[in-house]
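Below, subunit A partners subunit B and then partners subunit C, in two separate complexes.
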Partner chain A sequence: MLLRFLAEQDPGELVDGLTALGRGVVYGGAAIGPGIGIGLVVGNAITAMARQPEAAGMVRTTMFLGIAFTEALALFGFVLAFILS
Partner chain B sequence: MTAPLGLEFPPISHLIRWPDLLFEDTPYAINKTTIIYFLAVLITLTFFFVAGRRAQLVPRGVQNMAESSVEFVREGIIMQTIGPDGLRYLPFLLTMFFFIFFINIFEIIPLFQFPGNARMAVPFILAILVWFIYNIVGIAKQGPLGYLKSSTIPPGVPKPMLPLIALIEFVSTFLVRPFSLAVRLFANMLAGHLILVTFAVLSAALWGKNISLVILPFPFLLLIALTGFELLVAFLQAFIFTILTAVYIGLSMHPEH
Partner chain C sequence: MDATPQVERSIALDLARHALYVAPAVVLVAGLVRGVDGAASAGLGVALAIANFLATATGLAWGARRSPATLAAVAMGGFVVRMGVLLGAMLLADALFGWVDVIVLGITLFAAHLGLLFWELRSVSLTLAAPGLRRDRSITPPTRTGPEGVTE
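Here is the complex of A and B:
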């Protein structure tokens, strides 16, 4: 039934719709790993700061570095979602 | 593209392209993005020129701000990543930080409301500049072969894994680094711009409908909150770009043993 419904649609619209779907899947998929990764980075940084408050400045700098490296993957997905057409 | 409920969301090309104001249809055409770049250069120059013109022993006003910003870059970025012998890169990192920050900050300045870094041009050029700098520093410090060895072969890798690891490290050091550096800045600012546009469009669309008066303030309040958040992002992205540059230069100067 789904196939017959798809076959009756205008192919151009179908491609547009599937492209929009693909963009969502690309960005959604690209956001999973970095989301978990940034959570790990920040969580451990907070643990470190709580255990040793005098090292907070150094931990914070390193935390931002870790976030930047982790986040890059999500941003590749973000850019790829726009490049898809 | 029309969406349900009559909400008209502009296509992305309308959000980041501006009409030419001067010298139309030439490579030297001037539009809003170009004006933002010029203004960022001008503000950075004026800030440090005014601050350093009549330097006093007890700093006041602009000089105070400039001195604390220099100290922030020196203590917070260079000493943490390169060490004392990286202080000669202080002018470069400082001006780059402020250049990026002033371009980003136009995202929330009324009448401009567009981060110049949401176009790929400036992040791309800056990333290529950084690529050249850390490679030249590495070659000058360790010699061409030594630099290649220290940047592709991490210490303590078992022999059978060496070709694979060396290939991955080579790609990540020489190809992915500048790309991710540019894309990180560009995509963050583009995403922030899109979020602000989305909530502005939503607020404007609700303004014209009486039925939705109950939920009218919420998108607008969120827009205000997100504007504050984007101020933080503008600062943070300039900081991250600068600190990553410092880290790359530091890795070229002091390879891991």
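Here is the complex of A and C:
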């Protein structure tokens, strides 16, 4: 039924639709890994700060950079989704 | 967690300072490759990268002042919000301004984000406890002296 529906569509519309779908999959898929990564970074940073409160400044420095580097992966998928046409 | 210095702010301001140094070169290269529209889009990309860093730093510093739970919530929620805001900003710029070259904007955003982080890493790895320092302003470690005053 789905194949029949797709066959009845204008080829241009089908390509546009699949491109939009692909963009969503690329962006969504690229955001999953960084989401997990940021969770790990923050979780471990909080554990470290709880164990050694005097090292909080150093831990937060590392955490900020860790978050920013992990976020770069999401930005990569984000840019790739825009480049897809 | 109140007594700790605002390290995120220091790093973000240092990143912004570095971005101001490289922005003219980035805009020039984009202008040579993609014309005036590309140059303007590259400038917008660098501005979005700086805004993203500053927003991250502000959120994390605020969360760290409150509690560890708030810090975790701000870090995870902030990621989702910032990605949404960046997507919205790019779509809005594309829809409102005809001159925006989305490909140049996206590539500049990614390259500026990663490049500035690697630049900042040089300073931070040198002085992890006091980020945002230039290499020439860094504190040299004290030398240890032996019993007869001989430097080891």
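One rule holds in what follows: the second predicted complex is superposed on the first by the 85 of 85 C-alpha atoms of A that agree within 3 Å, B and C clash if a C-alpha of one lies under 4 Å from a C-alpha of the other, contacts with A are read in each partner's own complex, and residues count from 1 in each chain.
Everything below uses one rule, namely that a residue touches a chain if its C-beta (ideal position, glycine included) is under 8 Å from a C-beta of that chain, and two chains touch if they have at least 3 such contacts.
What you see is a predicted model, and the numbers here were worked out from it, not measured in a lab.
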item: Superposed partners subunit B and subunit C on subunit A - clash or fit; value: clash
item: Touched partner set for A:71, first subunit B, second subunit C, both or neither; value: both
item: Subunit B versus subunit C as contact partner of A:48, first or second or both or neither; value: neither
item: Contacts of A:83 with subunit B and subunit C, given as first, second, both or neither; value: second
item: Contact breadth on subunit A, by residue count: subunit C or subunit B; value: C
item: Partner chain in contact with A:34 - subunit B first, subunit C second, else both or neither; value: second
item: Residues of subunit A at both interfaces, subunit B in one complex, subunit C in the other; value: 57-58, 61, 64-65, 67-68, 71-72, 75-76, 78-79, 82
item: Residue numbers on subunit A that touch subunit B, as the complex places them; value: 57-58, 61, 64-65, 67-68, 71-72, 75-76, 78-79, 82
item: Subunit A residues within the subunit C interface of the complex; value: 27, 31, 34-35, 38-39, 41-43, 46, 49-50, 53, 56-58, 60-65, 67-69, 71-72, 74-76, 78-79, 82-83
item: Contact set on subunit B toward subunit A in their complex; value: 12, 76, 80-81, 180, 183-184, 186-188, 190-191, 236, 239-240, 243-244, 247
item: Residues on subunit C engaged by subunit A in the complex (per definition of touch); value: 1, 4-5, 7-8, 11, 52-53, 56-57, 60, 64, 68, 71-72, 75-76, 79-80, 82-83, 86-87, 90, 102-103, 105-107, 109-110, 113-114, 117, 120-121, 124, 128-129, 131
